[in-house]
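Below: a set of structures, written as structure tokens.
Paired with chain B in one complex and with chain C in the other, chain A is shared by the two complexes that follow.
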Partner chain A sequence: MFRIAKSGICIPAHHAVSRRGFLSDGTIRAAGAVTVAGCFASDMGQIHALRSEEVANELRKQDKRVILLWLAGGASQFETWDPKPGAKTGGPFRAIQTNATGVHISELLPELAQRMQHTAIIRSLNTKIADHGRGADLMETGRLKDPSILYPDLGAVVARELGRLESKVPDYVSLYTSTEGRRKGTSGFLGARYAPMFLSESMIPPNIARLETVSEIDHHDRAALRDALGRRFAASRRNHTVDSQNSAYQRVNGLMASAELFDITKEPAEVQARYGPTQFGHQCLIARRLIEAGVPFVKVARAWWDSHGQNFETHQELCADLDHSMSVLLDDLEQRGLLKNTLVITLGEFGRTPQINSSLGRDHFASAWSCSLSGLGIRGGVAYGKTDPEGHTVVEGEASAADLFATILSALKIDHKHEYTVGARPVPLADFGSKPIAEVLS
Partner chain B sequence: MDENNIPGSTEPQAAAPTVATLPNVVKVQKAFSLPGIGFCLATAPDMSLIYTGLSDFSILRANLSAEKIEPSAVGANGHTSYVMGLVRCGETIVSGGYDCSLIWWQAESGEIIRRVADAHGKWIRMLAASPDQTRIASVADDMLTKLWDAATGECLATWGDYDLKTPQGFPSMLYAVAYSADGKWLATGDRTGRVLVRDATNGQLAATIETPVMYTWDPTARRHSIGGIRSLAFSNDSSQLAVGGMGKVGNIDHLEGVSRIEVFNWQTGTRRFEIEDSKHKGLVEALQFGPGDAYLVSAGGDNSGFVSVWNMADGKLLTQDKAPMHVHDFELSTDGRSVTAVGHQQGAVIDLFSVQS
Partner chain C sequence: MLSHMGIFCRCHLLAIMFCGSSIATADELLPADTEITTAIDHYVQQHLVTCGVAAVEPADDLTLLRRTTLDLAGRVPTPVEREWFLTQPASDRRRLLVERLMQSPDFDFHQRNWLDETLLPNQPYNDEFRNYLLTAVQARRSWDTVFREIMKAAVSEGPEKGAAQFLKSRVSELDDLTNDTAILFFGVNISCAKCHDHPLVADWKQDHFYGMQAFFQRTYQTRKTSSLAERPFGEVKFANVGGESKTAAFMFLTGDVVADRTPQLADEERKQLEERVRKLEHDDADAEIIVPEFRPRDELVELALRDTKGQFFAKNIVNRVWARLLGTGLVDPPDQMHSGNAPSHPELLEWLTNDVVSHGYDLRRLIQGIVLSEAYGRSSEWSSGSEPPAPSTFAMAQTRPLTPRQLGASLHVVIRTPEQWPAIENTEEWTKQRTDLENQANGWVREFEQPGENFQIAVDEALFFSNSGRVQDDLLRDSDDRLLGQLKKIEDQSQGIETLWLAVLNRVPKPDELASATAWLDHVPDRKDESRKQLLWGILAGPEFRFNH
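Our next item is the complex of A and B:
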């Protein structure tokens, strides 16, 4: 294990923490400690020591959850949250009145317009980076990529802050089934313990089913035997390593048992029908099932919004999918009493240009775009920030990626200034200088 | 699309060109600026005066015989969104657009004669006038075809028969409509590549033609679709139907499919030609048969534009060239030698020549 000295030379990291001491703190949690170019190591011992257990446990008891609807490729703010009807740049679609006084959104989102009481729109993101890779890096982690450190993405941070060590369900599930722009997500220096369970080829996790050659009875008997032996061993040799090992086995068994959470046929037919026929609808239903079972962070990527050609047709299709699936999701969460504990985010790597090109497309644009936050911790019915009449620039309430992350963490009542210490380096949960947008917080 | 230059109109038809006089050169004669995207075109009988509907919600009039072409607005307080369809019926022009409304204008004065605010439940995509200019057909994304009395604005009929959603469960779109030259038939084309030909008087379905290559659904990489039938044209003898769009697309972020035309003997369902343009990519936005049905003119584009001329004896390319812009609509002169086109921020007059080698 190494860290980077100021000289740039890789040196062993045991000046910060010894290997033995590190292992004794929690082998399983640190098992995935990440290296950048083989020259970086995280210090999970320090990370976990920074927050009092009481505070952490209280946070976790509140059962807060996040669903991130990742609009991969970059949705147009004009055709979603910040319509400019009548402007040269506005496109053909009307703005419609929502059920929040004075708040208008695109006519392509009629169902969401009737659910604005749950939602705050931020119309003033200026994140500057308008290429897919770097834009996604920024909007997934809330900060610019740094070659000397691998930052965790929002899902990993939330999993770390809200996940329960003893949980038998995954802390972070990411669904990204389209191949374009597919990104797995990263837990960065937080380690593999907070890495996403990543589903790309199938909506049901592979390789967690019980082997057909092992009967259900044998499976349970084996687990019981292992538990009994583990408890006896731990009784005389109590330490974190042994605890972690036992915990890991429990999580594996939990994951195997959680396979049903991904199976939407377990839902009543009426519920399946409400979510509709599209894959995104199905995945939103999976997200609700996971959230209900206690998974703190679920990311559902809906690709691909990169409408360089035929922007309006593309948004007619994709907005219809988003509008219906997200509306049903919000309703379902509310009806089950989950929305008050669940934050639903729509976000992508950037927005789209005001200019309409010759292919009737819009290109990449990160200078004045929008996202939405719904549910937990959010003041609904609010449209924060303002862009100019043609949508070229932010004229009021400019917000950076870091500000957005500070806002999201604040909605979850997580201290965005709280710092991890990585090596000797303090890393705040939201980047230095970030400020939550108080106007969208309840 | 305007249908002024087909049999039944007051203009005489030019004789069919011989092989020796088929156009083999395309040349831009003049181009002029538009303050937005010109989506649709209607012309005066002598082609000197054109009307175009734009993305700035306006309708402009331009005198093409002027030394400097300076389009001016026709009237005011018209549409509140993109103007997608425009036809001329005598001294009246009728427009339709994304605001779901139809507006009748006095062509000369720009006075609004009539407005039908909710002509369709969704965005109007195209209009077509009957050859005798007594009927107007409109198509919209409510997937309905409506027939209107051109003089009174009365809705005479509403025809469905299209699926509201694509096979993948997304909203479908109904882009194109065209009258046959004899005024008996009406063809419409949708997002998924389905053409319906119906009796223009009673709506009875006469033919269903599938052109599935015009529709690309990407099930793997991007999970949405692109394409659709963007243009339709009957031959002057009404026996053939040309269908325009785009071939299969790899990366549906862009209009990178080859431009594509299929020509049918629609009453037998026989496909005469399947034309894919290896040189020019993008959508075929407009089509029109030349005199005697000897050739077919197509235009459209991706980030740039094209005009192509196809021999209807064998489906081969006669000539083509870049247009100054992505072309959204054009009108072919009665003699078949001049294309007046509108599109992205520009309009143009493009000549078709026969040059003997």
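Our next item is the complex of A and C:
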């Protein structure tokens, strides 16, 4: 005799009745109802979002998603979005006409050049910080690091704003396989609930699958036992850390069920072939699978763009991977009707110097560099901002990291001025004084 | 060094819940020879009366045994310790326990781990620093001595050389040296005063930030030997909001300034000196390290220890020890000691600060006084439907997550069979075993997050407990040397369940728990060994084990 439990797990009936029965017959049970919250920062007493829940829920219903393609190490704007052919800083590559009138990009991105209807380029980032660690701090969170407060990164903010509390899938996944520049990302003051599921060693998340030595029944029953003990303990303690442990365990089953989202062999061979043989391509496909299943934020890192030597060979190789993988991703999202609610960002910690050094490399440079935004909320075919003919400085439309974050949040229709309150300190979603770039927003 | 004027930061403005205490002058405080415990309970009780809040009941003896052992020994009690505890006279048990634990090698390990987690939070395996701290704690060095050794970083041989790791790990970022020293040793966060006078805290001006920075500006690391050194010259320049350029004085948080006694040199001499320092800093060549006569970090140490006005150095350590043991600081958060964020118990902080200074910064004495107080010994349970009292009243004990090392060591304590623990008198054997236990605990550090402000347990930890081979194959192993192996041999099932509860949760099961566990094991009679494993898992992964309460 078998029956299917609510959880979908097949349980021998006698076992289910008796063992699970004792868990629900009142012997071990919480003394009172316990909020399973502790998840929302606003439940923590310390951090409070001023937005009403209705607005937040309305946002969540719209199923908005973000894919961040993180170009770790810093890609050259000259070899990607802001070519300067003929200038003494321009390097050997040509600029090519894209399908957007008047917009030229490097010839190293020929496939993307044919898809500019989805994409806006920002060529006028001046973010000032040109070392990897602090540059990444700035471009991941949109603000300078501050010793008195731990800021959440973009993924955590989006997870907090767009993730559903009851979601069975993770709300922030970060794929970072290479070791160069690897950073886990941080949910800062939003707490571990919004920390990324971080994949570095393999493309399957750690500890996501049940061990064969533990039967499904045991796995299920012991979790129920733990929850019963957990509720009982929490009932006589009003403690958000205790609550956070209970809610962490309650998410285990849902997350385990999402393991197959990371398995690209579940995709038709034809789709796998389109994404191509590179690891970055595979990870873009995983990102699409996650987005499709409702994960609000996926970061895919591609390293290592830090071309202090042989800048041009490095970019020939890496741009080919970026060009193809991102193009297939945009096509795939569009065909599935997902691009209208998915924002794709390409960004790194900074760009690269106009000067070409004696090793034919370009060094770190954060005063005049580029990034791109595609899909949801973006006016495609636009190249915003301008650098001087040799690319040393921004001459038009200068944008800071905070402005970029305000733009990203605006594309998602999240009010960038909304404030979290940490202690008594107001922390707006995008830093004080930031302004969205209206020209790239649809 | 010019500050970046374009950046506007907003800083802590803390709402203060203040229940009417007023700050007493020194002669209104309890006499200096009052017992620490008595002073604590006097002031906490006084505050409770003012607030109209009643303290909850004291925790029961076994709960206190577990709590105190976690706080002083960094792990849960062993069965041998529990038996010993229960045979002591009830009226004196607690004191005897505390005295025994404070003499044990456990205390030194745990005290070292706490200092390490506090001072180098991002480097859980900095062996040089950890060895130094252990040496210092074992030698019972006072806190001002440790501070001196860390800040001077003057020893390059033996375990003492590890003291330099605090500065070395921050030497590439002058702001980190400045801010972290102020936060961790003085309990103040002046980072917001970098770009402008602090917008919300009247105490902190740009002069304070750059004054503190001046003490570190000359610090560098030599290229060849990675030694910490100070340049015999150098100053901090900054621009105020008006754009006016200023040179920072060597100024402490109290406003006290030390004169710059850098010797004046002729141009040629100075050039030569600069060249020698440049080589030490940047060239991979052998050269003798220059030790200047005027050493700003030494000056900082002396200023901080002479400070009787703000007592920043002494107050900070009192507050941090208090927060560690009671879950919330007398000043909360601990890096916000300033006039806009008054202590919950100003007289108590004042009294304890005076006590720690007059007793030579002996942290053992302070810790012992706190853990023997009534405030420390209260129950952490709140079963009434009404709002529980605020943590800052200390009317009840707080439920605190274990640190990764506490959790790792505790896991290894509970999975062993009771016979493996040496008799309580056999301190030699215990010292050996405790060292092994410390190494085992180290192996778990990466699996758990270090608790901090607003700490939440991540789903990664839940997935790790649920699905990792390490938990299944190690913690749940039922070989003869393990608790589970022993439980297999106990014929009386109730006795087995009681042994399990005592071993893991340090208490006997309640009747309903005994009934439930019995039903759990009886359910599939031919699978009892497996069911017992899952029962152990359910308890180990539950909050009663995960927290100190």
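We adopt the following convention: the second predicted complex is superposed on the first by the 356 of 442 C-alpha atoms of A that agree within 3 Å, B and C clash if a C-alpha of one lies under 4 Å from a C-alpha of the other, contacts with A are read in each partner's own complex, and residues count from 1 in each chain.
Going forward, contacts are C-beta pairs under 8 Å (C-beta built on N, C-alpha and C of every residue); 3 or more make two chains touch, one makes a residue touch a chain.
Predicted, not measured: the structure shown is a model, and the values here were computed from it.
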On the A-aligned overlay, A:83 touches which partner chain: chain B = first, chain C = second, or both, or neither? neither
Compare chain B and chain C by how many residues of chain A each one touches, and report the one with more. C
Which of the two partners, first being chain B and second being chain C, lies in contact with A:74: first, second, both, or neither? neither
Between chain B (first) and chain C (second), which, if any, makes contact with A:314: first, second, both or neither? first
Have a look at where A:155 lands relative to chain B and chain C in the superposition and call it first, second, both or neither. neither
Can A:358 be said to touch chain B (first), chain C (second), both, or neither? first
Quick one: classify A:277 as touching chain B (first), chain C (second), both or neither. first
Touching both chain C and chain B, counted on chain A across the two superposed complexes: none
Applying the document's contact rule, which stretches of chain B touch chain A when the two form their complex? 36-37, 55-57, 80-82, 97-99, 123, 141, 168-171, 173, 220-226, 228, 252-256, 282, 301-305, 325-326, 344
Which residues of chain C touch chain A in the complex? 7-15, 175-176, 179-180, 183, 189, 191-192, 333, 335, 380-383, 385, 388, 398-399, 401, 449, 451, 453-464, 466-469, 472-473, 512-513, 515-516, 519-520, 523-524, 530, 534-535, 537-539, 541-544, 546-547, 549
In the complex with chain B, residue positions of chain A that touch it: 73, 85-86, 88, 92-94, 177-180, 276-280, 302-304, 306-310, 313-314, 316-318, 320-321, 356-361
Quick check: in the complex, which residue numbers of chain A touch chain C? 15, 18-19, 22-23, 27-28, 31-32, 38, 44, 46-47, 144, 146-148, 189, 191-193, 195, 197, 205-211, 213-214, 218-219, 221-223, 225-226, 229-230, 233-242, 244-246, 248-249, 251-252, 255-256, 423-427, 432-433
